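Scrolling down, you'll hit the structures one after another.
Two complexes are shown next, each including chain A; its partner changes from chain B in the first to chain C in the second.
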Partner chain A sequence: MLKKDLGLFLLIVVVGVVVAILNPRFISPINLANTANLVGLFGLFSIGEGFVIITGGIDLAIGSMFALLGVIFIDLLVTWRVEWWLAVPIIVACGVVLGAVHGFLVTRLKLQPFIVTLCGLLIYRGVARYYTNDGTAGFEFGQSFPTLEWMTAGRTFGVPHSFIVFLLVALVMGVLLHRSVFGRYLFAVGKNEEAARYSGIRTGRIIAAAYVISGGLAGLSSIYLAMYTRSISPASHGNFYELYGIAAAVLGGCSLRGGEGSILGIVLGAILLQMLQNLVNLLGIPSSLNFAVMGTVILIGVLADQQLTRLRGRRRL
Partner chain B sequence: MSAERLLELASVSKTYPGVKALDRVSLHVERGEVLALIGENGAGKSTLMKILGGVVEPSGGAIRIDGAEHAALSVAGAMAAGIAFVHQELNLFDNLDVAANVMIGREPVFGGPLKLVDRKALEARVTPLLQRLGVDFEARTPIANLSLAQRQLVEIAKALSLDARIVIMDEPTSSLTASETARLLKVIAELKAAGVAVIFISHRLNEVEQCADRVVVLRDGAVVGGLSRHEIGHEAMIRLMIGRDLRALYIPPQRPVGEAVLEIAGFRTSAHPSHALDLALHAGEILGMAGLVGAGRTELACALFGVDTPAGGEVRLAGRPVTIRTPRDAIDHGIFLIPEDRKRSGLVLEFSVNENISLANLMAFASGALIGSGAERRNAEERKAALDIRTASIDTLVGTLSGGNQQKVVLAKWLSMTPKVVIFDEPTRGIDVGSKSEIYKLMRGLADDGVAVLMISSDMEEVIGVSDRIVVMREGRIGGFLERTAFSEESVMRLAVGQRDMQEAENVAC
Partner chain C sequence: MKKMLTAAVVAATLIGLTGTTQSADKKTLAFVVNGASDFWKAAEAGVKKAQSELPNYTLTFKYPEQSSAAIQTRMMDDLVAAGVAGILVSPVDPKTMGDALNRVGGQVALFTTDSDAPSSKRVVYIGSSNVEAGKQAGQLMVKAMPNGGKCMGFVGLPGADNARERIDGVKEVIKGTKIELVDVRADDIDQTRAKRNVEDTITAHPEINCMVGFYSYNTPRIYEALKEAGKIGKVTIIGFDEDAITLGGVKEGTIVGTVVQQPYEWGYQGMKDMAKFLEGDKSFVPANKLIIIPTKIIEKDNVDSFWAELKARQGKK
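Coming up: the complex of A and B.
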């Protein structure tokens, strides 16, 4: 596990150095801060996705949740004039509820995670578009929430708060995953659900809890994304973001078969993904190739990891 | 004379590391003959079948088919020689229909390179086979709609479509009702009349009596005897299947048997809901549970441990009724299970020894919700020393340990807590002799500490050698109890096979 994280870290350093040499603007404070902001925004929900992937499941619904929860959030603030400090926990709670529904469907009704969250993906985006009449939801002219804006989009000594919050969440989730009883159970369930059940672990609850965590973090991300874009067109807001989450988790060493992964890995995965986006811009690669670059790097990364594991296994023999 | 013989095995042996599965087995079948192969669990029947199917290569000896000698068969070679199997676990695709299953891999095609399946030709080839067997379903019936007995007939049709000359049936009647069994026996008689040789493996001696021309008995991997048509009888078969003194393993208890700890009354498992079970486990006693494979022993263990939901009945722990819905409930009551398949259900192989030992009792090593690794590791080190788990470190992955040490890790997991009842399901399967006796000692140690031990085992030596009392299960019900003085392979086998199994077969539901 540690070796994997170290390898990823070295990859980030190498890519960083190469890009910095090719275009020194990469290490300019403005560029670093912008990239850090994006790492924070995309990293938050990647951690939740990681939890679900460790159980051997997948959460495809989060991108659509951003659209639905985002328009509800803006509506609460604009139409209903709800205080922001009330609206924020409501949205996070909504995310938790949706996650709990996914968890219920997966563990109690034994539906496949892919199907459950695929339906979520379709339903939530559809509802969000209907809710706004396919229009764009945005704040009214002159409306401002200084404290909320400071917390979400603000910066301290140039460090974006989204990035700081991401690191704090990663720290808490890291302790939860790697030091707590729940975390140990999560790995046990992901590796061998039957043996976990035979050891008295209530496997259904553990799996459902992972979806709840993913939903809650998606709720929190909805707020950060809404405050970042300031307006939401539900047809496109958050499109494909679940795939960024999956990509970060997989790059970070989570196996889609379950039972493997680390928070440090996911953090590094999220960083690498945003660096790749940034590199496309800075090196003058046509931005239409954005996804292609991302896909290629993930493919090479996973291939290299597999080959290295095989090599290590052979050396042990 | 050997030219007449369709199939002959000459001194065939098979050795696995540490185990001799088959020891110079010689047997033969002739055209139009039904040969019954009987023996206890683990006598070597399935290994023999795997060799004939070309799945396993023998370590020695020769196989002669029509007089031509082979050192080993391949799967294709066995098929070409006309050997076909009707397996215990049916190998059918229940999402396809009968015709597709019978001709799978050999479908008549048209359309050149498109290789479209010619449905008409397919059915035209399968229907006569079905008519020959006198079945009550059609070529286009989906397998999912068929009963187990009907599916078996599909397997036989498949064997016929391959122009099989030797049909091997492995426990074909184990899940059939009496009337279905009768029909199968009729089909066997027809095959025989058509000149096909049948090798019939069964635990049900009555069926063997009815259909076999000759019986070969295996024990511990060797042929211990044969019976010809007029010699075949219950007594004679049982006498050959058993025959060793197996009391040497016994470690006498250090304390008298105490009160009943766990009692079940009218308890019904979901696998055999029509049979109510009554049983009491006493403190300080090792109760051995014998029975043939499929007698419902593991199902009982799973229901007691909360893995399966029981169909009804009462469970009392120290006289008080308890409800067990999940393994957690059972564990909280001090009822622990060492499962049959330790790699699948007993251990997380990619976890370390330490993490496996603490898995069932993790909360005890945690402060708040966080695991304090000190207490956890201390406990694992203690268990490692107490059970003599041979591993370089408690951080070693369990998957890399030997079978015996893996089983000790499963045991260590439970001994970190206070057991009242420990159920061992096949505790020494696949474990070397040294570790076996250590596990027996640990079992006796538990009993002497006042724990009620239930040991499910298909190993006759183990059941007779280790138990204080034996309960034998047969086809989902309790066949009978034996006190230590009455222990013998014969008495266990008698209860496991059933004296009048034909009469009782009427009640068996599939």
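Coming up: the complex of A and C.
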């Protein structure tokens, strides 16, 4: 565990202990399970966002992808009566394709990631709304998909499956980022793309791969989000969710300049963000203050991290 | 040259997209909504019905691309510039849109619907009274819980007029009874948060035995969260509007009832009245300039007929 991640872990423990003292129901199994479910939902795409941020890029299109892929997913199941085991890989593949398009535009056509994914944000939202003619896509009353629901919204011994999938993905991505050649290259490209290229790394492919990973994970989480809300109004579904991903990644020690970050950090970041949402409800804080609480804690977290790094830097001198 | 070519292509695309040609002899009336949702589909059907009875007018139905006052204002200004004779609008934010509404009202016939702007130059308001709708929901609560209860409300935007008026209406009726509205949790029209608010309420307030969904999507999220927690049937649910899950729950008997508005009538009567007004007949405008189309209580005994009618109007099977 890096020292950075340790700091974030301590912040989570402190916030958790304080909330648990104020309202002991916070640590009741059902509440932990509910929160774990949301950590899973939001954590999945935060990991993808983290990969892109490590290359020094950014993915702003994620929230709109949820709307587009979500309405397509529900449409496949409800209108076209496609079997769920076929619909799920189709949606993940769509996510991968969109990610590949972003990667292509960024690496081959040399467009800035911010612009590429900003256009994606606008285009996908617009297409999603056109697709449903500005209506809501949802399941019919009483319609159920037992196996799919078990895999997405189900729980085993109280542990939500979305959280288990999230942990598995985090484990695989952790090995990929921290124990593989690809991961080494990713950090190298993020720190200094030119230097990486001169040392023989095919930087374009590495960066494009990060967008593909982000797109694929966004595809996967759009299925989980769709199965959680079970109804999607494309005008508002997933609005600003990319910012939750960016916030989790930054909280977890990813630098927006690229070249820094860890999967463990992103996981902890996602946990902290969902804990904050949870505590607003449990402590009866007015819902209007929700975002203010989140912003304040992120600011404190990043500030503390910055100061600790400076302190360590000075000690080294 | 290249730039000019691009500009020409863009211009050609835009002309292709608009498609609607306005004939000079027919007057155009526009219905401008406050954002995209299924709710307005019924109003659209009402406008279509009015169109069949008003051959001398061209009726259009406009969705602003975002639910924001600025974008809606721009849309109305564009319509006025394009030469429409009248606008029926559901203002996004009547309080801050006074100037814009007066500007439009000074040039064309302006009617408001859904939420009123009483101090503006509008001819008349035609729509529901949300206070009355809230009172009807309150009556449902009193009827369903003669021995009293502790209720939690859920809403998208608690500061919006329609939400405040509905909440006030409920409070007015339950005052003096043993029913108490403990709090109203907000979600900013984010359905993921809407569902988690319900889950957190189940955890934090086990004593809550009644839940009220003030916005159309709140009631389905209440239904699903309670179902997943195994508490369906143990908590009294009262809703607003006509989501398919809400109506399904009413039919099933797990939701006590829902209070619905009649957007079909707003669209139909609004357009007919506007045509009358333009032809010089102002007799339909009451002294208080409010044409209230009553809200309806939907319970188990009338849900089937209402649902069939709604499906026909929304153009669904």
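Convention: the second predicted complex is superposed on the first by the 316 of 317 C-alpha atoms of A that agree within 3 Å, B and C clash if a C-alpha of one lies under 4 Å from a C-alpha of the other, contacts with A are read in each partner's own complex, and residues count from 1 in each chain.
Following the convention adopted for this analysis, a contact is a pair of C-beta atoms (placed from the backbone, for glycine too) under 8 Å apart; a residue touches a chain by one contact, two chains touch by 3 or more.
Fair warning: this is a prediction, and the values are worked out from it, not measured in the lab.
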item: Three-chain arrangement built on chain A, chain B and chain C clash or fit; value: fit
item: First (chain B), second (chain C), both or neither touched by A:Tyr198; value: first
item: Vertex chain A angle, Cα centres of chain C and chain B, expressed to the nearest 10 degrees; value: 120
item: Touched partner set for A:Leu311, first chain B, second chain C, both or neither; value: neither
item: In the superposition, chain B vs chain C on chain A residues touched; value: C
item: Touched partner set for A:Val175, first chain B, second chain C, both or neither; value: first
item: Touched partner set for A:Leu225, first chain B, second chain C, both or neither; value: second
item: Partner chain in contact with A:Leu86 - chain B first, chain C second, else both or neither; value: neither
item: Which superposed partner A:Leu289 touches (first chain B, second chain C, both, neither); value: neither
item: Chain B versus chain C as contact partner of A:Arg25, first or second or both or neither; value: second
item: Shortest span in Å between Cα atoms of chain B and of chain C, once chain A is used as the common reference; value: 18
item: Those residues of chain A which chain B touches in one complex and chain C touches in the other; value: none
item: Residues of chain C touching chain A in the complex; value: 35-38, 40-41, 63, 65-67, 158-159, 183, 185-197, 199-204, 217, 220-221, 224, 228-229, 243-245, 247-249, 251-252
item: In the complex, chain A residues that touch chain C; value: 23, 25, 28, 30-31, 34, 38, 41, 126, 129, 134-136, 138, 140-142, 153, 225, 228-237, 239, 277-278, 281-282, 284, 287-288, 290
item: Residues of chain A defined as touching chain B within the complex; value: 175, 179-182, 184-185, 187-188, 191-192, 194-202, 259
item: Parts of chain B lying in touch with chain A, wherever the complex brings them together; value: 305, 307, 326-328, 330-332, 337, 339, 344-351, 355, 359-360, 362-363, 366, 369-371, 413
